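The structure's right below; bear with me while I get my questions together.
We just call them A, B and C in the order they show up, numbering each chain from 1.
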Amino acid sequence: MDRIKYCAGRILRAAVTMSIVLSAVFLLLRLLPTEGYFGERTDAISPQVREQVLKELGLRDPWYVQLGAFWSRLLRGDLGKSLVLRRGVDVMEIISSKAAVSFRFGLASLLIEKLAGIPMGVLMARYRGRFFDRLGSGFVLLVSAIPGIVYYLLIQLGGSNLLGIGMLYTRGDIRTCILPLISLSLGGTASTAMWMRRYMADQMNMDYVRLARAKGMTSGQVSFRHVLRNAIIPMAQSLPSSIMFTISGSLYIESLYSIPGMGGLLITAIRRGDNPLVQALVLLYSAMSIAGLLLGDLLMAMLDPRIRLAGEPAG
Amino acid sequence: MTELVKVMGQEAGNADPVLSVRDLVVKFRLRGRELTALRGLSLDVYRGERLAIVGESGSGKSVLTRTFLGLLESNGRIDSGSILYDGYDLAKFSREREWVKIRGGRIAMVFQDPMTALNPLRTVGGQIREALLLHSRISGAEAKRQAIRLLDDVGIPDAERRYRQYPHEFSGGMRQRAVIAIAAACTPEILICDEPTTALDVTVQAQILELLRRLQSKYGLTVIFITHDLGVVAEIADRVAVMYAGDIVELGSCREIFFDPRHPYTWALLSAMPQFGERGKPLCAIPGTPPDLFADVRGDAFAPRNPQALAVDFQMRPPYFEVSPTHRARTWLLDPRAPELLPPEPVRRLQEAGAKYLLQNRIPDRENRPALHEKQEAPEPRKSFRNFRKEQAAQQSPVLEEAARRLRLGEGAGNALRRSLGGGLGQYG
Amino acid sequence: MSGFTELHFQNRILERRMPDRRPGRTGAGQKQGGLPGKREPARQRRDAAESTVSGRGAAQRRTAGKAEPSAPDELFIPAGGSFAEDGSSGGPGYSYLKSTLRVFFSNRVSAAVLIFLMLLIAFTFLQPLLPGQKSPTEIFINPETGTQYRNVRPNAEFWFGTNSIGQDLWSRLWFGTRISLFIGLCTAAVTAAAGIALGCIWGCARRWDKLFTEIYNVFDNIPYTILRMLLIYILRPGLPAMIFVMSLTGWVGMAKYIRNLILIYRDREFNMASRCLGSSGIRIVLRNLLPQLIPVIMLNTALAIPNAIGSEVFLTYIGLGLPVSVPSLGTLVNEGRSVVLAPAQRYQLFFPALAVSALTIAFYALGNAFADASDPRNHR
């Protein structure tokens, strides 16, 4: 019962946050340079015509009028039409065609991250301070410290030489997915391993582990039946976010391997000055972020019996 | 040696020690230095007794019992000495395979804080069932049935429903009952209770102690209590070991420790009981702090805090002196050459009270009472401290008889004590 | 004077008139010979204890006697005057900061990294003052041919070679490192200052908690990279915009962290005590809370620097960084990347990439080592 109340409250809170954040983002986007509303003919248009266009778009209205109009359009599912990239095409159409590609890559790499990262973290925690732990910690440090671009390039150069495959992604050739997937999943693997190790180490210091050992369980049994179970649950919290954000793709990797995904879309839109597309993308990402956190909390409420109505999950 | 063991065993209702600790030295590495947590400690635990180990924080009580289960922190190790149990020397155990045979099934433990001792993400029932399945070959369904019975047994009402609940749905006292149920599920021979009531409300404390006493007689357990609460000791213990700075400074039956303490530390400990506080006067506190166990302790570890320490206390470590066959203390005060010191006022009052009761109520000797490990059909009514004192008085040793004669009891002294003790300890009864 | 001592003052030390009245004594009682007859029972019991039962005491004594000479009689006097209020010292003194530093420096790797980083930073800032250094922006012309030194591989003249328009990579690299470090340090400083100040207000002023939480939610729910890209676009790319934007997204995390820690520490006993004694809120924050937070602040600051350096590389990569005319590590990596397909010119990527990696790894390693060292659980 409490749990249902908690979930309802949490959803309500997310809705409030969502409306505040989307409004804030919309107002922020009013600061975008206005060149982005005329497509590619900016220079050809006289100032009078510009003002005219802006007025027609409603951009010269007071901010609250614009905000109201924005919300009414948003609730009808209308995010506007692209002005530059694919003129006149609904932005949602542009986004969804690209998102599918990123999503497939992202999901595969997420799977690799968890499958590699969790066992790695568990082993690091079990052999804390010993060779494997040091090796793993070194890996985590390298991957999280070196800027992505550096090791992505390294993987691309080294990998394509070593495996004798092309540097770029070609549709339908599964071998060309290997390097982008390795690059994509490396960072996530490292952070999964690091968090897993930390959660395991935290759990191992808990009193209940002592009780479990005092009842006569071997440390292997304690690790699997108690510690691992408890340590994996906090990992679940970020899972929905991770899954959702796979569609945003990776800017670096997609441009390195010229994968037609979402990664470069925002930056292209910004550079080319396609303001409606920029707005749609930023709103989409913000909404995804809020929804991801919400789903994470709801998932936790299902997994962790201690979630109380009071808000934050306990312990 | 063997003679002593026999006599002390008889005192406890049984002749053989179930667990024998000999000259145990435990060291810890801490911040690059070595700390000696136990300094050559020896102790026999007898079958079916309730032994209390008292001492202030850091005296090594918990360290001692952890060694019985091989659950020392990773930076601690047994330096020398032996822990004999059932033909094994637990001090020599190094591999988990060996320990698993002892833990739970032979020696079980109840921890101090029930709020954290249970896995918060698994049902209470599941955790009890797990203990059952570890130690007996039964089916899962049977284990569940037994787990529910155990929950019922430790006084958790509506056990069927409670079985499916999570620890956070239990109150502190209920969780401690669940922890005790887990310990009982292992069917151990020895149950170690590491401050089982410290984290609980006073009213719940008494219930938990009562439960432990009931389980002890029902299953014939040997129970070792660790506590710094002398009220708990008085309530439950047959025998008391007083620990200070990694060693047992005095060991005797409960009445001997309360009514005829010999070690200045025991005096100080008893004097510091709030029950002896007088209105308007500050409570007795023991001055100073325990010795630095990183350094070698010279002489009597308590000497620096003992205003009446003898010169010899600073030079040589005292041996154990026998006070009675069941009572020994490590203090030079018991050497015939030592000057006679009177214990502090509250202890004198205790001695007087003990002696007075002895003179007034001649109650049959302890041998006639049922042995401790015998199964008792009906749960015995909760002992009030009054009863406890009667019982104590009933068990006076010849030592106390003489003490009583010598002390020539003053009228009214006993009444004052009764008042103060009755008032203070009433909460346990 | 404590109660216990007081009690003992009331006691008188009895003379040795009745030494064996205390029954059950064992040990060297022989010297007490000639006991009055009425005490016979006690003596008998004691003797019995000595010969049979008291094995424990006697045995213990014997072993003790072997180790050191048996206690001389003259020591059995009160040690008078030793009313030590304070016993021997209660364990070794523990100082949090000292232990943190000790653990930190006991790890040789982290000490080495610290020294390496300090030397690197010192050299970065001293490099232009050294003799014989070239300008990072000058385009070098080959006097013989009159053309630019394009893509010259590392040699005695150009230590790290030249880029595609004939600029000296060695001096460009150090210039770029300076710029990147400057960005990193500025960002870290602004982040720390803003984070601490706002975090303290957030944590201490309960009235404002809701407002701050809402602001935090807004910032936290827009992905940082996107916010950064957007803001830089709005503000027009440049060094000040970059520092501003990175700080703007950085303080939030810091403030949240500080706020949480303050909430944890705020209600600890010593602060309660302090508040009861009438200390003002600000005083509590400055005197009690902030010292507890120093390790966390240092850790966050240490990690903010490599983050900023990495972000600069990223922003430059997507074209929202510094102008190409200003060499930063980002522009250098970017330049190097553009020639990566020609294996002979990969040195142009190699050196900047190495510099970025070395810097960020060093700061990360340092931050993590410090985090480990500041964890009291590691203070063994």
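We adopt the following convention: contacts are C-beta pairs under 8 Å (C-beta built on N, C-alpha and C of every residue); 3 or more make two chains touch, one makes a residue touch a chain.
The model shown is predicted, which means the values in this text are computed figures rather than measured ones.
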item	value
Farthest chain relative to chain A (centres taken as mean CA coordinates)	B
Chain pair showing more contacts of the two, B-C and A-B	B-C
Chain A and chain C: spacing of chain centres that average the CA atoms, whole Å	30
Approximate Å spacing (C-alpha centroids) for the pair chain B, chain C	42
Intercentroid distance (Cα basis), chain B paired with chain A, Å	57
For chain C, residues that touch 2 or more chains besides their own	none
List of chain A residues in touch with chain B within their complex	206-208, 210-219, 225-226, 229-230, 233, 304-306, 314-315
Chain B - residues contacting chain A, complex	69, 71, 96-97, 100-105, 108-109, 111, 113, 116-122, 130-131, 134-135, 166, 168, 179, 182-183, 185-186
Complex contacts: residues of chain C adjacent to chain B	2-5, 7-8, 10-29, 31-32, 42, 45, 49, 52-57, 59-61, 64, 68, 71-79, 82-92, 94, 99, 102, 106, 379-380
In the complex, chain C residues that touch chain A	214, 217-218, 221-223, 226, 229-230, 233-234, 306, 309-310, 313-314, 317-320, 333, 337, 340, 346, 349, 353, 356-357, 360-361, 363-365, 368, 377
Residues on chain A engaged by chain C in the complex (per definition of touch)	17, 20-21, 24-25, 28-29, 31-33, 141-142, 144-150, 153, 157, 205, 245, 248, 251-252, 266-267, 270-271, 278, 281-282, 285-286, 289-290, 293
